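Shared between the two complexes below is chain A, which pairs with chain B and chain C, respectively.
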Partner chain A sequence: MLRKFSGRLRLRAAFARIGFARNQVYAIATYINVLSAFLFVSIQYFLWKAVYENGVAGTYSFKEMLQYVLAAEMLSAFIHTGADRQIGIMVRTGSLAHVILKPVSFTEQIFFESLGVNLYRGLFVALPLLVCSVFAFGVEYHFGAFTLLRFAVLVGFAYIFIYLFELLLGLLSFFSVNTWGINSMKLAVITIFSGRVLPISAYPEKLRVAVDYLPFKLMYFAPLDYLIKGGDWAEVLVQECVWIVVMFFSVTFLQRALLKKMVIQGG
Partner chain B sequence: MELIELKNLTKVYTVKDLTSMKDYFSALLGRVPEEKFFAVNDVSFSIAKGEFVGLIGRNGAGKSTLIKLLTGILTPSTGEISVFGRIPHKSRQQNNYKISAVFGQRTQLKWDISAYESFRLIEYMYGMQHDRWQFNIERFIKMLDLSAFIYKPVRTLSLGQRMRVELCAAFLYDPEIVFLDEPTIGLDIFAKEVIVDFLLEIRRTKQATVLLTTHDVSDIEQLCGRTIIMDKGKVLFDGNTAGIAEILEMGILVEFKCENKEVSLAPMPGKYQVTNLPHCLKIGGVEKAAVPQLVQAVMGQNRVLEIKVEPPDFEKVLKDFYASKIFRQA
Partner chain C sequence: MNGIIKYLKLYGIAGSNNLKSLLVYKLDFFIGLAAMFLNNAMRFLILVFIFNMVDKIKGWSFDQMLFFYGFSTMVTGLWHCFFINVISLPYYIRTGEFDRFLLRPVNLLFQITIDSLDEDGWGELLLGIALVIFACVRLGLPLWKLILLAPMAISGCAILIAISLLLSAVSFISIGGVPVMELMLKMFEFTKYPVNIFSQGLKIILSCVIPLGFVTFYPSMVFLGSNTLIYLTLVPLVSAAYFLVAYFVWNYSIKFYVSSGN
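What follows is the complex of A and B.
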């Protein structure tokens, strides 16, 4: 029994290693990733600098806004699993056939491989970004250890939520073989409702209330707001758990329905 | 119960029939003319352990669909199907431990990293004993000559090299059933030879059951004792590879080149296709046993310069098959 468990663990570690190695091969792409992330942070720095010279945006001070911007950019480097994109590619190229022939469920394969990919990105994109930005813009980071720990937990659960969400989108791509439409929607949803670009507390009152009912704020805003502004950590955690359960059932249901109807492209 | 059993298996697709611009607009409104397409139509056969079966058919005959049904990727519309005594699409992951597949134009290996890394993943995925994995790796590296490129990213390999590592991956975990879908497509003769030799060795030593789908009849003749021919979703022929031509009475072609312009042949018992040309006599449909007698007869009546004896052309056999839709069971 223990051997079987350790065998599974080794397999999952192997997937993660492959995800890691896959990105390791492309060193130049990594540099460019860091560079473009840094540029994006820079743009936002100057933007907000100008904005704050003429007033305040929401409840965030300039310093806090800077922290938010940098942290959001760092998170975006490693909390996306790309499950929707991977499934889309598999559907288009027909390599889905091979993935399904494995004795391991393909959702498991995707999850652990992305874990490896994101570990790589966390170390080699997010960390360098942090260092560069702190030096360039003097962003101050002085969070307590417990705060950071709880923040990490929130991010962890957010990661699971994002994985399930992207999995759902990926499964939806089976209905429309071209994933472009779904991708556009995803981009729109994340940009507007997740707090990726600016804290949701800066949104106008009515919109803020509406967005609060949606789960997407859990991707960026909720964890970040806790980190920077403090608040009820447990409440965010509970919300995340609830939405994870909702997503899990949606995904399982969709998966079962699709497995029956499946048509694989290409011969 | 045999390893693989099919009874009246059918798979139907409804395909949207978009022939004119008007149809595209109707599609937007949700009203689309649909057509039923029988990818697999009432197919029945069984395969025993250790068999090497060839599956031939034109493009769109239903071969790939059949393989997808056998591997549980698709669910049947009607009929029964069992692999390892289980229903494929219900016990897919359980069966997958003992199945592997090679699809000619796609690879199961990770694109950006070396084949060796993918092999190591296979070791964990199928719960292999490390010693067995090591043994197989070394054996296959030798048999398929992989040492030169096994550590290079798969993306950088040529088609021939990719196919060889693909085969290594397919047999690495000692699967009981292996589906080979066009494994030699696009390969040069040397690469093909390596692969055919590899498969012959597998056939000689192991109890792996192989279902080989290909357009290449020479592969089938070399590797498969049994052949199934499909067309339009139906099984046209299921029997001994060697016996196909005999059963279809294709016969041997004997050609005589003679000094005399008019080649004479006394009427002989049996039905032959005789073609008379200046200085040449072609006789088709000859049984193997009747060849010496025929040769003697012609030589007795003519001054023969050259004799050519040709076994039946498998390709031609197939062509006639599809044309006449003969249904034969060996």
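What follows is the complex of A and C.
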């Protein structure tokens, strides 16, 4: 019994290692990743510097805005799982039918591989970015250990939500066949509703209320706002759990529906 | 004259082919088109939110910033629509498809350009044009200046093409390929804002070394600034010069790479 468990654990770890190793081949690509992220952060730095020059009565001070922008860019390096892309490929090449019928869970494989990939990106993209930006722009971070720990938990749960969300998108691409449309829509949605570029507390009142009902803020704004501004950590966690459950059932439901459809069509 | 007609015809055929292959996935196409428009509109909305907080940024009003943003979106949209395939060069070389370009009696760059006309760019281009026109109206610009939009946009685009040529020329030295697209997109960000928000050193780099300033900022000064004539002559000259240099470098590195037996 224990052997079976440790066997499966090793299998999952192997997936993670594959994901990690796969990225190591593209060293130059990684440098470019860091460079482009750094360029983006620097644009934001100058923009916000110019904005705050005239004094701004926003909820975020200039320093906090810098912290937000840098942290958001770092997060974006390693919280996307690529599940939608991988499933999209399977849909397009038609191998989805085979994979879904196999006993070994392909969804697990995607998840653990993504962990490996993102561990790599966390270490080799986000960390260098942090170092360069702190050095270049004097961004300061002062956090207690507990805050950081709770932040990590929030990010962890957000990761699970993102994974399920991208899984859902990938499965949806079965209906539109090509992934480009869904992918573009995903980008649009994330840009505005997740607080990727601007903290949602800077949005006008009416929009802020609407965005609050959507789960996307849990990807960037909710954890980041907790980290920088503090607030009710448990409340964010509860929301994340709720949405994870919603996503989980949506994915399961869609998977079953697809399976039925594929069986009827003959794969 | 004959040559131009030939190229125009080729362009038309290639364009309609691309469109046809895309319309096969009809639903997805329209979702994507809407999404691209939405995506760009959202990023513009963020600018609006920022201006909720403040009146001017480094002396520029909202309408002026809107003009910069719209003009930049228009120019990058142009590049996205028509010239994005330039960065696929490493792919062609690696898969060996490159040879079929060499065999044809048509200009090399032209062939690569028309081989794939990206659908992504249309939402961006349309939004850019809409924003620019909106800004022009709000700024109360005289009509005759509007005629200058097209040539200024084209010369701005020439710089983008030049940069993508240079980047793709160096990118095939790496086996895994270089994520040129990602780099280009981040560079586009620089063009959305007036150059004077950046530090002195960066300003010089953006004006002289990697002339992203000439994509949006300096062409925009034709419309927003007072010394129109100076910018009007300077911008196309710089664009043309930079483009020619980039083109020759690109041509040379291809010949060099191909002839070394790869």
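Operating definition for what follows: the second predicted complex is superposed on the first by the 250 of 267 C-alpha atoms of A that agree within 3 Å, B and C clash if a C-alpha of one lies under 4 Å from a C-alpha of the other, contacts with A are read in each partner's own complex, and residues count from 1 in each chain.
Here is the rule we use: contacts are C-beta pairs under 8 Å (C-beta built on N, C-alpha and C of every residue); 3 or more make two chains touch, one makes a residue touch a chain.
This one's a predicted model, so the numbers in the text were calculated from it and none came from an experiment.
Chain A is touched at more residues by one of its partners, and among chain B and chain C that partner is C.
Judged by the touch definition given at the top, the superposed model places A:6 against neither chain B nor chain C.
Of the two partner chains placed by the overlay, neither chain B nor chain C lies in contact with A:252.
Using the contact criterion defined above for the overlaid structures, shared-chain residue A:51 touches chain C, although it does not reach chain B.
Within the superposed three-chain model, A:26 lies in touch with chain B and with chain C [touch as defined at top].
When the two structures are aligned on the shared chain, A:61 is found in touch with neither chain B nor chain C.
In the overlay built on the shared chain, the residue A:39 is in contact with chain C alone; chain B does not reach it. By the touch criterion defined above, A:182 reaches chain C but does not reach chain B.
Under the contact criterion defined above, the residues of chain A that touch both chain B in one complex and chain C in the other are 25-26. Touching chain A in their complex are the following residues of chain B: 13, 64, 68, 71-75, 89, 92-94, 96-97, 99-101, 103, 105-108, 110, 112-113, 117-118, 120-121, 124-127, 153. Across the complex, chain B is touched by residues 4, 7, 10-11, 14-15, 18, 21-22, 25-26, 93-95, 97-98, 100-105, 259-260, 262-264, 266-267 of chain A. Partner chain C is touched in their complex by these residues of chain A: 25-26, 28-29, 32-33, 35-37, 39-40, 42-43, 46-47, 49-51, 53-54, 56-58, 175-185, 187-188, 191-192, 197-198, 202-204. Remark: chain C residues 25, 27-36, 38-39, 42-43, 45-46, 49-50, 52-58, 119-120, 174, 176-179, 182-183, 185-187, 189-190, 193, 197-199, 202 touch chain A in the complex.
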